[in-house]
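One chain, subunit A, links the two complexes that follow: it is found with subunit B in the first and with subunit C in the second.
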Partner chain A sequence: MANDEDYQYSSSDDDFPEQQYYEPLEHRDITNNILDDYEYLNYDTDSLESFNSDVDIVDGMAVSHVTNPNKKRSIEGAMVNLKYECFTTQDIFNNMLEKVDRLQPMFSIPREDIILLLQKYGWDEDRLLEDWTNKMDGLLIEAGIHINNEQKELPKSQRGISNRDFFTCPICCEDQIKETYSLECGHEYCISCYRHYIEDRLNKGNIITCMSCSLALKNTDIDELMNGPSSEKLMHSSIKSFVQKHNENYRWCPFTDCKCIVHIQDTTEFVEYIRLHYSPYVLCNESHRFCFSCSFEMHSPADCEITSSWIKKAKKESDNLNWVLSHTKECPKCSVNIEKNGGCNHMICSSCKYEFCWICNSDWKPHGSSFYQCTMYNNDELKTQTVIEDVSKTLKRYTFFYRMFNEHEVSAKLDWQLGQTVGNKIKSLQEKMGVSWIEGQFLTESLKILNEGRTALKWSFAVVFYSDSSHNLTKIFVDNQALLANSVEDLSALLQIKSPETIMEKKVEFYNKAGYVENRTYALMECGRELISKGIVKITN
Partner chain B sequence: MSLKRLLKEKRLIEKELSGYSESIELLEPVAFENFLKWRAVLKGPVNTPYHKHSFKLLIELPSEYPLVPPAITFEPYSMPHCNVEFSTGKICLNILEHEHWSPVWNLMYVMVALYQLLQEPVVDSPLNIDLANILRAGDTSAYHGLINYYLQEDTATH
Partner chain C sequence: MSSLCLQRLQEERKKWRKDHPFSFFAKPLKKADGTMDLQHWEAGIPGKAGTLWADAVYPISIEYPDEYPSKPPKVKFPAGFYHPNIYPSGTVCLSILNEDQDWRPAITLKQIVLGVQDLLDSPNPNSPAQEPAWRAFSKNKEEYQKKVASQAKAYAK
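== the complex of A and B ==
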């Protein structure tokens, strides 16, 4: 138990000296080196080989102690540098069309036909080219571009819409049909049945063929039939299934209504990241950060495994717990029902002006001045309980952490709403104080940092839940958690300020607090990764 | 849903059913006022363990028929077949899937396809895994024996 000293260190939160909070651990130094390597990689991005050799050295533990205490650590530092691109379906479609243009001179068939071929081959150019050189004509029949000459007995007809007087459609069996459609194969159906048929298949992404044979409808045919640009829809669904099929390298942004697709060419490095408990976070063009590996929001300090079992557990238990966690609380003093309308946990009762902490329901005074302790789950309370109560203890323990997780999730949502008003604040700064737009950006920046801090804080409770609470590192982690919680609340309170004058006065404070939250977030993430690497986190259900 | 289409199918079935007396025993709407529910009876093909047995089918036509395929099941607990789930009677046949269905096909066509399925079970996409494994292993006598056992059980209890 040589950690009393560390405990002291971690509690002194004045100006965040880099390495204090878990000095005696060798692994920490290695971690730093790896981080340095990653940062180095950022400048010399195509040196995958050097990356591998670095890791080898790390594996061999033959690393000399190289750390740069002056280097600024940020949340970005807790992440690996990934090379990725962000697309929309339209971008991918345009790429596909470029592919078609490239292939056209080689194939010397119409572009529409090449699109059909590519669709058949799941947009895999290489496989198509290979088969094309082997069996040109056979391929054209297979893809339904050319009619199979062996079936010549059919009356040939013109491709397109024809006007008829008394046609009975074999599908709906209506007579006196005026407009029909058929391909060269001569299978003729009324235009309304054809439209229904196409409409039904547009979102499947496969080639649409004649209802009776394998002759394909080209995009131009579809548009002619549907009287509008419907083939676009087909192309988009074809691309969707392409993305689904290549889910090793492509991911949809998991955020609601976001249409971005992130593409990573080379995922071979992932094994290494996962071994070191880094999660591959990516940022889509709409600035949503998510984990490429589990398609969840940013979940550090938890790793993907903890995240998924936490989510599963939360789903399982939520029925029992939802009634516990209502959105209102009674004021501990006057029992008036209070709804939380801001992100900060520092509550002031509107009726009796009592100041209390939303999380622990006790007086706010000790929170503000001294060490913020409400994130700690007090195990001592339960020590006297008997074995029979063990089950309820586990549930109680889970309830506590789930509540904490939930509180921060709710807070994060409220912070987000706060963000909506930040834009207005900047506007009023511009109008009333003559502040330039760029100068007002510190508010946006602070909000972003606040959000990231909250997210990290939220997920840290999942980590603590699964950690061995008797281990020293867990204690250090919890301390770090408390420090972050404290700094997040401070920043959140700062962002509540409405008057433009006060905001400008406190500009320096904004910078300081935001910077501090950023450092704290990074520290918590790294500490969590260390915790997981050391095997102190055990996933149980 | 086109009533005309269904009437036409019904007329076609009445006209052609006699030509299929080897395979299709019955194919008709359950009630005359409701054309969305049909029933059918298939005869077990010669040279299969199903010979001399007949099998009831329940057919439900969705309102979008013929744009979407009919929903067809065997009577539950009556059909021991590689591609039929014994307890529910669900059938695994690609033309009955929405993606592979074409509005050009009709109930008669589907019946013929099902009859073919009785003749040639597809071991690669089984719903009755035991039967498929035995058949794939080439143990014909066990295969026949198991089906016979199921079918006798069936006749004994019903």
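== the complex of A and C ==
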């Protein structure tokens, strides 16, 4: 479940207005402008950070939108001042060409040759310069730019394609070859063998040489042979290996098909992050947020350590479980197989019309009005069990938490599909009701918050799994979890509304519920951080 | 097997039969149905005269991948062969047999077997492939020579 496919639901993140990382308040300002007409409250941070599941607050939230700019920052998952840049391979390629331009006046050899030298030195300008001053001629031979005269066996020939009658290629042993290619070394082969050979090596990112000796093919030669800009592909794979080699400071965005590379100059700040149990989240140009240190999606309230051992455990124990749990469930009443195709956990069996909660399989009625307890694992029976039964209990306990984790992952995916229709909803709002673009943004905004809430909820089950369940703070954490789960379900149900009129009528409700989810997400993350800081989370596998 | 691979291997065989270095041998194996399997060869590498390895012929197997000649063949001695640059499995660690290093599609069978012969008496202590022979070679020459000599006896002509 850690494979890339699972990220696909997030890969169209760019539907959202792009957020400026350094100005986390920007989109909040937009919301505030719209909110001018509505009353909203600022709860003081103390009441939220006490992690009390105070019912008054819950009720209060239901009618008022709460916003606190400082909190937004933490939901984005980072301390301030993490400085990073985001590149695409094209940007890095351009940087490299700049390097070439800088070196050209010093080296006074053709640019193509400098590219070869830089490729040989893994694009390390300084090391190349050092060696260049020490052993210029040796370097030119080593990089395959000049022929090593001592080893020369064949008469010098011209670089390029030649037309021949009845040439026998020593590689494929075809005779009657018409078109051949050779470098100055005189090793001549048929053009189709060369093409095969180049095609094969474009992905490796190393210098491509003559098929017999170490004389290098320049980018211009490659393009001439391949009849197209194939050398670009070589440059890109060269950059790829550059990034992989410098993985301390460079990271590929882990989201499917995203070409962004995030670069952090100074990774020493990470120590501070780890000390405070924050994770260094970064946002790529395509608005994908991921953790720089573990290259995973945003995983708060879990830290990197919990995340990686959870993933490992999940891989190990639930290859089968994974599939069985994620696809169907039987109706608790009539046992018909049900596939969930919408984001909300309020299920109505299409066969017997029984209403139940997708997560706890029990009647929906107690869920609807007040917040519910089905995210809690009942641990009481555990105490009286013998050791042998303990093992199966541990597995059962894991299965329970894994199921929770998985449910929210699946729900998040469905939410994502929901997101695809949100765009259409906005369109129809604009057409039918003459709503301006900016006024329709609350839908996308709500969806984004919903998604963040779900992700936090999902990872919180990994935290609880590793936590000491007898500790009071764990209980508080679980309470927080239940509150967030409740608010997420509410918001998710709200987003299912199809009619544009109803949506506009319920705009305030959208704000309230989204704001509440946002606050609960933050509270859960902070509580999780405290849990980890106090050493209540123990990783055991 | 691609036609490119097959055609080239037929040519390699033709060339080898026409001319090959003295006291070397190399031939394709036979498939179960009695036809020739050009992708699997067996060959013998004589130790160079005047070295510890002399007076013996060391057996190797050569396995050509479908991507040959784009990719190099795999050359193996019997498992457990005593030499600093030969893996415990018998696989030879030689730069001309490494796709990412010095392999070139133009390298012929003759060049490969001569390269392997060269490697026998001039091991490269910088890329050890097995511990016992490497340790002895760099720390205890006497023991190394003894082991090599006894191995030569086992493969004596």
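In this section, the second predicted complex is superposed on the first by the 434 of 541 C-alpha atoms of A that agree within 3 Å, B and C clash if a C-alpha of one lies under 4 Å from a C-alpha of the other, contacts with A are read in each partner's own complex, and residues count from 1 in each chain.
The rule is simple: contacts are C-beta pairs under 8 Å (C-beta built on N, C-alpha and C of every residue); 3 or more make two chains touch, one makes a residue touch a chain.
Predicted model, so just to flag it, every value in this text is computed and none were measured.
In this superposed model built on subunit A, subunit B and subunit C take up the same space, so to speak, and clash.
Looking at the shared chain after the overlay, A:400 reaches neither subunit B nor subunit C. By the touch criterion stated above, A:204 is placed in contact with subunit B and with subunit C alike. Taking subunit A as the reference chain, the count of touched residues is higher for C when subunit B and subunit C are set side by side. In the superposed pair of complexes, A:416 makes contact with neither subunit B nor subunit C. In the superposition on chain A, contact of A:174 is made with both subunit B and subunit C. In the superposed pair of complexes, A:196 makes contact with subunit B and with subunit C alike.
Overlaid on A, the two complexes show subunit B and subunit C touching the same residues of subunit A, namely 170-174, 187, 193, 196-197, 200, 204, 206, 211-212. Every residue of subunit B that touches subunit A in the complex is listed here, in rising order: 2, 4-5, 7-8, 66-68, 99, 102-104. Interface residues of subunit C, counted against subunit A in their complex, comprise 4, 7-8, 10-11, 67, 69-71, 100, 102, 104-107. Interface residues of subunit A facing subunit B in the complex, by the touch rule stated above, are 170-174, 187, 193, 196-197, 200, 204, 206, 211-212. Per the touch definition, subunit A reaches subunit C in the complex via residues 170-174, 187, 189, 193, 196-197, 200, 204, 206, 209-214.
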